[in-house]
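Consider the two complexes below, in which chain A is the common component and chain B and chain C are the respective partners.
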Partner chain A sequence: MTVEPAHLTPQEMDPPNSTAGVARGKVDRASQLLFLRNGKVITGLLILAFFTLLAIIGPWVAPYDPDALGEDSVAPPSLQHWFGTANLGQDIFSQVLVGTRSVMFVGFVAGILATLIAVLVGVTAGYLGGAADEGLSLLSNVFLVLPALPLIIVIAGPLDGANSLVVAIVIAITAWAWGARVLRAQTLSHRRRDYVEAARANGESTPRIVLAEILPNLSAIIASSFVGTVTFAILTQVTLAFIGVTGLDQWSWGTVLFNAQSNQALIRGAWWWFVPAGLCIAAVGVALALVNFGIDEFVNPRLRATGKYAKALKKRGVRARVGFTPVDRHEEPSTPVVPASGTVLVTEES
Partner chain B sequence: MRFFVRRGIFYLVTLWAAITINFFLPRMMPGDPITALIASRQGQITPEQAESIRVLFGLDNEQSLWQQYTSYLSQILHGDLGIAFSQFPTPVITIIKDTLPWTLGLVGLSTIIAVVVGTTVGTYIGWRRGTKADIVLPITTFFSSVPYFWLGLVAILLFSVTWKIFPSSKGYQPGLVPGWNWEFISSVLYHGALPAITIVLSAVAGWILGMRNMMVTVSSEDYVTVAQAKGLSERRVMVSYAARNAVLPQISSFALALGFVVGGTLIMEMVFSYPGIGYSLFQAVSAKDYPLMQGCFLVITLSILVFNLLADIVYAFLDPRTRQEG
Partner chain C sequence: MTVTDPILEIRDLSIEYGFGADPVRVLDRVSLTLARGEMLGLAGESGCGKSTLAYGATRLLPPPGVIRSGEVLFHGRNGESYDILTLNDKQLRAARWRDFAIVFQGAMNSLNPVHRVGDQLKDAIKAHNPKAKKAELNDRAAHLLDMVGISTDRLGAYPHQLSGGMRQRVMIATALALEPELLIMDEPTTALDVVMQRQILEEISDLRARLGFSVIFITHDVSLLVEVADRIAIMYAGEIVEQADVEDAYRRPRHPYTKGLLSSFPPLKGPRRELQGIPGSPPDMAHLPRGCRFADRCPFVFDRCRVDNPELSQTAFGRDEPDRLVACHLHNSAERQAAVGVSGATPEVPAALALR
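Here is the complex of A and B:
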């Protein structure tokens, strides 16, 4: 994903939760709404809210104890057992509900930790430059190339039945490098801009320049790297549980799948044993991807305009092709101007 | 040339980092599982093997950390990764030699297919953006959001259990003697098809999306407009002007995606009981066989570094700017 910040004003890069936006008033509120008006983002956030709710209340609303043995062995879904039962009659619906917590917990904790490391390393490297930059860049490049999953297995394997917090920390240690690299590049491009120079000329301290001036302008990229890390952490947590690295006494969607695999659910044709857990993972993954698409479109006006103009173009029977990426967020594309033969129509504000 | 020297140094540093991580990990772990393992094999284990394990896991407490580190490095460089406890008394390096080709074959083939298909589809839907072709995006997003192994499970259920089209496990027909004969090779291809298809399905989405977004960005560059204005055929503009420039970031992201794809392949091997290095790693995890686990990690890292180097060479070949700077 190439992000071209050169033609973006600082305001455009503020995500909705930026504190800087509150003070700047009307313009920013409009751009906040723009971010939330995006259907993809709304859908993604709603799905995430649903699973977060399940993570909180899951263990209380689960109809059965996930470990409790029942009478029906490997029974297909019924009214008593919505997702059917496992080999010893355990209720799979309850297992999935209870398992939501550790998945979401690891996802968000690892996401937050990794993003913190990424901001720390990336922004420091980009702002300081010189030897510090060389060293920190080398560090993040090394972590970028080391294969994450085998590394996590080697670290977490000997920690017998590592709990969720330990797993989250291990994932964070291996997952920060990509964000750090992107943030370093962005900080580098911001470092010599006029507004930073002005702040420096005003005698602002370095921490203040970094925290109050540069950081708010990086927030879209920080958000996007956070979402990416959460996706990675969730997939990794489920994978670790599936191969039995995390303790089997902690329920997770991966644990359900581990049981399904080790009890020959496939040969028995017990699809209900692994399909629900997999679809839950997919739903969370798609939700995060949708939020990320939203952020991408928010940051890169060319991508946004593409989607926005698609319908209007279709109505007129025009196929979008070369040189047709109008970038104007305030006007509705009621009558898009169709270039006769390759005229570029770029109406960028700023 | 300087470009390659720089990259070469970087890969050496990374390799050193991986070896050092491998050195310190067992020394920081609580408890002492290795002594227990050696004790459980009392009498069967030769003194040399026991010594090799001691060096690997830091049981020589009389030595200083630095002495431990140097003897560890020299032992690793001699290819001695200890013995695998779960398949006693096979040396780890032997197991890895047997399993690595399977993984390289599976990863290599499925990655090439994923890159070619993904880039082609991405070029097309990036060019025809806003049309019905965009439907590909949500579908591939779904496939990239589900974990590899779950897709593997579903694939086995559908294609091996329900419709018995493909075998559900193993790398080749049991009973066949591995060799360069058609019977064996066809069996390998037949057994590898399902894992490979599943990996391609999971991995292709990233390539499609990346290429599509680059195409959208590149298509509005002036030189593309000029090419269009000159009246060149649409196909020529799409392939030789837009796609040719959009493909460069794809290659640099190849290196970054590789670790992820390898991780996914390891899991896929576990699901399909494929005789690759991932399956060894899985067995090592379930048997708490630490020498094998660490050996697998080192060799996987080494292979990824080699592939990264190859990607660098391809990149330098395609992008003359890299060569000029060097």
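Here is the complex of A and C:
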């Protein structure tokens, strides 16, 4: 049930009320960025921003050349070498810093590319149906059964010292199929809904129906599939570097782990060699998962208000749930209520 | 006004929408009493709070609805009474359908398209009585379908195989599955054509006579209520403005809004009369006027209406019609003035609202 806006006559529009109306509009616009108030999302975004910053400035702020040999071999962390040194005295802190760039680059480029392909293929297949759906579904099913990692090794291996862009593209090509299938299913459910029928009856063009009507309804799925693909791409990049496919001259967290592994860091007790890179991978993964939590609240307008006032509601002891309307009885049962902008002349009970 | 054997007493129920610092009060201290076996019609324009009242009282209102004051007392057949607003989740879940059932606005769409209607009927029973035997369930489901006038061989049908009217009947049968004492019907016939409306309404009246449950019937179609309801409560902008026996309200409306609603559809009998709408539209609930909420649309408005919101009380003919309540200064300002000594002329009750 909706409260209908009504035309107000001038005497009803007291000055304070009319300003309140303006403030209301502002609040609504601000509420679009509400997911930023969610603690989990803020934490996730801050961690991601930190690593993105490292990816940009890492190679410039690194105290040493990651390849430069040093005097101390396998030295524990010290003031000179924050994360200690490797077997030939290389500075591990610099290696991790420099390695951040390729990891983040591959993660985000592959995530964006794979999501684009998934949206294009999935939504087109779902909306068009018929032969186009058959063909595109077959395509995504084929890509779905392709074993991603071996394929990447096969493709990236011969490209000597495959650079990050190539790795990102190869990962994107193997990682889009899941997203496409999920999006196709969701598009199928949306295309027969009344609002799409109405848009069609309006004479809206197919691209507009798909882009302006259906796509916003898929944004939660698109966003979480993006986050999932980024996680997958980062792990794949690290794995590729770890098994030595991407070339040892290109630093990545995986390269650090590869060196640690091949030099038996664990047996030597050189925990500083592999723990920092491992923690970085874990931190990025956690950050992406945290962002994922807030996406639904951001995308679904119905959840925004609840999310916005989550703290205030908790304080009041009100749990907003469907099917169990909260009771927050703050008033004594028989005090008359003063109307929003006025006085009650008569207060006795009738 | 007193009801000797009430089944539901809503007292001072206030409901707000919004969790923020500036919630909108959509229902303001509404009190309503439903007698056992009675059919009460709730009528009013869209957005006046009819559905909010019914869903709020049963705590089905989705977020951001919050109940801010009042109590909703349910008096069961076996003498037990409880306040619906203080029930915990488990008790509330158990009370729903057993004590009070609801037929929703789009009831036809409340059926799950992938399950047979018989199974959905049985699900409602099983949810409250998990130990029920299969044969028992089948019998009960068949009996329920039969009761609403659908052949029992339709138990195995899927919702898409039934017409709109039949689906609506199935929903009514589901609502009656546990023999609730109170049935809330939220515009149950809005999506149906007039012939089907008629049949469904007769069905409900008939079932009510046989099973003895009470009904709260929500609709914006006052002409429908006049035919089926015992008593009628007219709502406007989150308040009840008039309560009366349906016949009295129809013949002798006491509130200008009721008068306006009643003259917006043609009478079948009696002299021909000009159809009139009510000019204007309801106030914005977020910026309510200071006095009577109907003042801006009221043909009989006078000074006092602009400053003081009238409360529901007896009509100007209070002694003669003790069962009627109206919230209008035309009816109760005289005694109010005597009580608090506010000066100023109060017009006589206009002839249109003073029929005897």
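A few remarks follow.
By our rule, the second predicted complex is superposed on the first by the 261 of 350 C-alpha atoms of A that agree within 3 Å, B and C clash if a C-alpha of one lies under 4 Å from a C-alpha of the other, contacts with A are read in each partner's own complex, and residues count from 1 in each chain.
Quick note on the criterion: a contact is a pair of C-beta atoms (placed from the backbone, for glycine too) under 8 Å apart; a residue touches a chain by one contact, two chains touch by 3 or more.
As the structure is a computational prediction, the values presented were derived from the model and not from experiment.
In the superposed model, A:185 lies in contact with neither chain B nor chain C. Within the superposed three-chain model, A:275 lies in touch with chain B and out of touch with chain C [touch as defined at top]. Using the contact criterion defined above for the overlaid structures, shared-chain residue A:212 touches neither chain B nor chain C, since it reaches no partner. Comparing chain B with chain C, more residues of chain A are touched by B. In the superposition on chain A, the residues of chain A contacted by chain B and by chain C overlap at 1-2, 4, 306, 309, 313, 320-325, 341-344, 346.
Within the complex formed with chain C, the chain A residues making contact are 1-9, 11-14, 17, 20-21, 24, 27, 305-306, 308-309, 312-313, 318, 320-331, 333-334, 336-337, 339-346, 348, 350. By the touch criterion given at the top, residues 11-12, 14, 17-22, 24-26, 28-29, 46-47, 49-52, 55-56, 59-71, 85-86, 89, 92, 280-291, 296, 306-309, 311-313, 332, 336, 339-340, 342 of chain C touch chain A in their complex. By the touch rule above, chain B contacts chain A in their complex via residues 10-11, 13-14, 17-18, 21-22, 25-26, 29-30, 33, 127-131, 134, 141-142, 144-150, 153-154, 156-157, 160-162, 168, 210, 213-214, 216-217, 219-220, 222, 224-229, 234, 237, 242, 249, 255-256, 259-260, 262-264, 266-267, 270-271, 281-282, 284-286, 288, 290, 293-294, 296-297, 300-301, 304-305, 308. Residues of chain A touching chain B in their complex: 1-2, 4, 138, 141-142, 144-151, 153-155, 157-159, 178, 231, 235, 238-239, 242-245, 257, 260-261, 266-267, 269, 271, 274-275, 277-278, 281-282, 284-286, 288-290, 296, 300, 302-303, 306-307, 309-310, 313-314, 319-325, 341-344, 346.
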